[in-house]
Amino acid sequence: MPLLELRDVGKDYGSVIALDGITSTVRAGEVTCVLGDNGAGKSTLIKILSGVHRADRGEMLLDGQVVSFGAPREALDAGIATVYQDLAMIPLMAIWRNFFLGAEPTRGRGPFRRFDAAQARETTRLALQEMGIDIRDPDQPVGTLSGGERQSVAIARAVHFGARVLILDEPTSALGVKQAGVVLRYVAQARDRGVGVVLITHNPHHAYPVGDRFLLLNRGRSLGSFAKGEVDRDELTRLMAGGAELDQLAHELERPTS
Amino acid sequence: MPLLELRDVGKDYGSVIALDGITSTVRAGEVTCVLGDNGAGKSTLIKILSGVHRADRGEMLLDGQVVSFGAPREALDAGIATVYQDLAMIPLMAIWRNFFLGAEPTRGRGPFRRFDAAQARETTRLALQEMGIDIRDPDQPVGTLSGGERQSVAIARAVHFGARVLILDEPTSALGVKQAGVVLRYVAQARDRGVGVVLITHNPHHAYPVGDRFLLLNRGRSLGSFAKGEVDRDELTRLMAGGAELDQLAHELERPTS
Amino acid sequence: ACTTEGGDSGGSGGSGGSSGDGGGSDLSFAVITHGSAGDAFWDVVQNGAEAAGEDLGISVDYQSDGDPQRQAQLIDAAVNQDVDGIVVSMANPDALQDSVEAAVEAGIPVVSINSGGDRSAAFGAIGHVGQDEAIAGRGAGAELASGGATNVLCVMHEAGNIGLEQRCSGAAQGLGSDVTPVQIDINDLQGAQSTIASQLQADPTIDAVLTLNSAVAAVAVEAATDAGSEAQVATFDLDQDVISGIQAGDIAFAVDQQQYEQGYLPIVMLKLYVQNLNTVGGGQPVLTGPGIVDESNVDEIADLASAGTR
Amino acid sequence: MFAFFAVQSEVFRSPRGIANWLDPASTLGIMAVAVALLMIGGHFDLSAGVMTGTTALTVGIVAVEFGQNIWVAIGVSLALALAIGFFNGWLVTRTGLPSFIITLGTFLMLQGLNLGLTKFFTDTVTVGGIDDAPGYAAAEWLFASRLSIAGTEFRVAILWWVLFTVLATWVLLRTRFGNWVFATGGDEVAARNVGVPARRTTITLFMTTATAAWFVGVTLAVRLTSVQANTGIGQELIFIVAAVIGGCLLTGGFGSAIGASLGALIFGMTQLGIPYLRWDADWFYFFLGAMLLLAVLANRLVRRYAEAARR
Amino acid sequence: MFAFFAVQSEVFRSPRGIANWLDPASTLGIMAVAVALLMIGGHFDLSAGVMTGTTALTVGIVAVEFGQNIWVAIGVSLALALAIGFFNGWLVTRTGLPSFIITLGTFLMLQGLNLGLTKFFTDTVTVGGIDDAPGYAAAEWLFASRLSIAGTEFRVAILWWVLFTVLATWVLLRTRFGNWVFATGGDEVAARNVGVPARRTTITLFMTTATAAWFVGVTLAVRLTSVQANTGIGQELIFIVAAVIGGCLLTGGFGSAIGASLGALIFGMTQLGIPYLRWDADWFYFFLGAMLLLAVLANRLVRRYAEAARR
């Protein structure tokens, strides 16, 4: 039985039809890649899975049961952790506070139950260090981090809390080659632990190695779902580019003279 | 004579040394790629070039004259247009208003000088269409655009106003394969028109085809500057990853069983 | 006595900051009222107190705050400064009880003014100068009744102010029938004018408007014109505009508390008490009003009001 | 809103009634529009209320105590207002401190100055006799005359109000400056990065608010012919309230001049509608609060409905 | 600040002087801390000032007019305050309208209720004789006693103020709830996306402000033994001012409880420092404004200097 299943899901923003008739499954121990042009509706799909938006049409099943998340909290409680494209971080708050936001570890009991700051700081530092990000001061506000550092914090957080399903919306977009490699390795590790992963990326070099199944979106509609065996890397790249001739582009970019 | 030249430039944020001893040149009709890990100081370098920050040490030369931009306005007036990593857009404002912000076309004269809205709308729509982004309604607030659409608006704006120097901080990070191709083509076009381009990217497949010279940063210091002839694509990838074995990673990511 | 520098005459208002510049004594009295800053009525009280201070060579420090708790804190501050006498207006006697009694206990003579006359002696004050708001209200009501008014609009310029409530209910007693209260904002006279006009339009049988503040009287006259109403206007307290209004016949009369005396007399009483242990009136309240100013006596008063003493 | 009061009170909907409640709405509206521009630009001006008093008192003191022509007095007053506005804007942009606290400082200082200087010059707390100043007739015509429409006299301030609203709307939506205002309020750093002169915009906005306060102050002085030292205190909040009812965000970057005008209208109607209904004066504020909440909620419902219909 | 007044006035720095100016700072401080929490959470409460009046009047009416034990009255008052706080928070989270406008509505309604109900029950605008209610002595001990330290009597409210500040600081920095407050004020959407119960947090914050208002209201009622119907009106702004002086951002997401307390201290010192210097009362507001600006600017300089030194 799939972990998560979408049946004919649709979503509108006012007059904009962002998604329509999407059917897909997320299985434990598999990586489902969602691919598509800008504005295709990938982030909208993610937001339905993670409880930010409610689908306007169709239904969602968790472990075979129809569910409808009214708030991200409910999705989190069901073990679904998400890295949002806009990262969902509070710029003015310290890194470690952002890391544990909404899931603060506590110490003591009753009225003396308090945020275990020492542990939170240490965990944050370690989690980031594993990603190759060396945070000088976990008390630094997130707003002063570089784009990639900020993304790393969001990813480390989701990986830390992703119990059953891990959703990543363009996690590697601002990352360096090394850090992107680390993230992909995390994805593979989570997959091997039996977590169901949903990954959005525009980089076929990132999508192909880890993906087990590829869902292609175009202007809110599904162009089909492929298992890894059915396509090879070049075909995937072509599919992602909507059939445009990339090789030709490479030639064009070279200097006309040289 | 180079368009822009940096001599031994450095910048600190409080106790964080973000940049130190950077020397580099931007020549007309050349693309200078700035490469480096997350937090290496690439965006900081950009912000010095575009007048957001003032360098704490060293000097900057424009056409051989020492300059020091006190505000982005001054850099813009010198013909330097920038796409910032955080895009510098006002989420609540309409797309076309964002597009022309700070450089509004006007009609009429004297007290009747007014923002030429019709022209601005049309120009915005066309500029985005050329990038393959079909905007349904240019009055839509930027905050409701998808990540890639938003980035496209910022790029189209810079390309439209980039007179002599065009600076792009990770312009393709949130873009689909097709859109990224369009942006790279723009970069090549600008280069061929004689514009000096500074490009930051984490994707060696994007950097290599268009780059003429590669500046490598590591923790705020320069690791050296290479002309295109001196490195090939694989070497560049290895340099960007800080020498990590990427091929090994590709193996790791495959399922242990299959 | 306290030896603070007494405010380097910060500006000009002629406060009694410069202690002991006239008659050799270096007494220092504090006047603490519940008026709000810039209120025309309390301005005259302040002028009276400062004039007395100058005449007698006494340093007089005027402070005010409409909030009872902060007024109490100002009294405590004066006690801490070891002034030689305190003048206090007691709009809310309960709230001031502790502080006034503490002052008396510290050996500082206290004179109450304006309101709170019935509790004054019990708190240990040596005297009271003032006029009960209710008595003044009754006077105004009776005068209106003799002018033929039956349906009176009472304009309250501050919601929940006890003194204003007493004036209105006093007026109702004097009139022998209910008055209609209406709320306005003293700092928005233009809005006040519209509000009064709206009342006059909504009920054409209103034949008199009683304002409780001189500044409101002028706009009430305007409002009556706007609304095309024949209602006569009467007011508490005097100012330039009210006097010219009375002279022009637009305003029927003004109830004058002669509050200048409420500033001047207590300073004299305190000086006499401190230097000579004199008391006045055997502890009975000294009444300063109500005096009615109308066409018959307005001309003599006109000049005095422009000097800020009426 | 209008419907509610109009049904309940015949006088409220009569031309004279309308002229009456449009009057406070008009000066409130002029200020609300200026304050709305400032709020869209991301700032507050708590000194706006007391500044109407300062400008009115200046007119009075210069015209009466110094015996100048009233136009001279009005000019001096304008210069003063612009100076205060510039001071506010300069301090805010210079120090980077919240405008709330800076203008609170100016507010308190002006409140003290108003009282202190009035007493210094006149020995009382009012300046009167402005109508005796030379040139008064012309000033009265401009600022305080009445227009007769269909037999009812309307104040000329209503006309000014409409003019101001139209002008402000035009500036906001159709000029470069308007674009800068939205941008500065929406995200000052981003705006500056694309080359918007954010400081200049902010200072100009503060000076605009000061100019509106000057206009209202002069109207007050000319109309009432005598001015109290405490004029305008507490009004600053009502201006902000009108702007917020009209849809301005407190965080900046969003709002409209026409909305602020409507907000002023709603507030003015409520404020005078209650006396028209002759509800118990003790409960005045209760009704005012309840009406305000209802008006805002109804406003929101209507807007939602309109948006849903447009789709 | 303290240094300035202390140098100028001997009495100001004497123990009795300190006890004197700490007193207004204490009740202001209790409110400022609660208001600061709310502001960090991204909201305003304009009804906080008048709510101190509502709770004080409730204590008076229940104790005097209904002849109940004062503890019953205090309990009723608390229940009422919590209900109002809940109403504010619920309406704000439910409608998504700015809290500024919602609580302005509550503010005006409470102002009307305070006056209307007081007049209804007592026929005047004050409730007096609270000290005759059974149980008064114990209540006085808790809320209004004086502590003798080094021969000077300090009000017990100062102690409560310190306790509140410490408690609020602890909650803000060391509990889950505190983390949620920062997050809700910093970016409500992002906070909700990571699972913070933003609504619950907001409502709790409004109820906290209401509780602080209740505490201050009861202190007033017990200390003054008679309460006027207009108690507390206009204080709401001063609470916000104290919080802002103490470094709270008006846009939410940043600030501290201890800062708000210091803000209250600065404000209280200035307010009583001016009478201690015996400066002219006409210019009181001028000095208050100037002092405020200077204090804020000095504060900023010191902070900059400290930050530069830390580097």
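The chains carry the letters A, B, C, D and E, assigned in the order they are written, with residues numbered from 1 in each.
Here is the rule we go by: contacts are C-beta pairs under 8 Å (C-beta built on N, C-alpha and C of every residue); 3 or more make two chains touch, one makes a residue touch a chain.
Bear in mind the structure is a predicted one, so any value in this text is a computation, not a measurement.
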For this session: Could you tell me which chains are in contact with chain A and with chain D alike?
Result: B, E
Exercise. In the touch network of chains, how many steps separate chain A from chain C on the shortest route?
Worked result: 2
For this session: If we define chain centres by averaging CA atoms, which chain lands farthest from chain B? Would you check?
Result: C
Exercise. Relative to chain D, which chain has the most distant C-alpha mean position?
Worked result: A
Problem set entry | Gap in Å, rounded to a whole number, between the CA centres of chain E and chain B | 50
Seminar exercise, completed: CA centroids of chain D and chain E: separation to the nearest Å works out as 30
For this session: Just give me the whole-number Å value for how far the CA centre of chain A lies from that of chain E.
Result: 44
For this session: Two or more other chains in contact with one residue: find those residues in chain D.
Result: 111, 115-116, 119, 234, 282, 284-285
Seminar exercise, completed: Two or more other chains are touched by the chain C residues 11, 13, 37, 159
Problem set entry | Residues of chain B touching at least two other chains | 86
Exercise. Which chain B residues qualify as touching chain D in the complex?
Worked result: 50, 52, 71-73, 76-77, 82, 84, 86-93, 97, 100-104, 106, 113-115, 117, 157
Problem set entry | chain C-facing residues of chain D, complex | 9, 11, 14, 16-17, 20-21, 23-24, 27, 49, 53, 111, 114-116, 119-120, 123-126, 128-129, 220, 223-224, 226, 228-235, 271-272, 275-278, 281-282, 284-285
Problem set entry | Parts of chain D lying in touch with chain E, wherever the complex brings them together | 44, 91, 95, 97-98, 100-102, 104-113, 115-116, 119, 234, 237, 240-241, 244-245, 249-251, 280, 282-290, 292-293, 296-297, 300
Problem set entry | Residue ranges of chain A in contact with chain B within the complex | 13, 16, 36-40, 43, 85-86, 132-133, 136, 144-149, 151-152, 170, 173-181, 184-185, 187-188, 192, 202-205, 209-210, 237, 240-242, 244, 246, 249-250, 252-256
Exercise. What does chain E use to touch chain A in their complex?
Worked result: 170, 174-176, 178-180, 182-183, 186-187, 189-197, 253-254
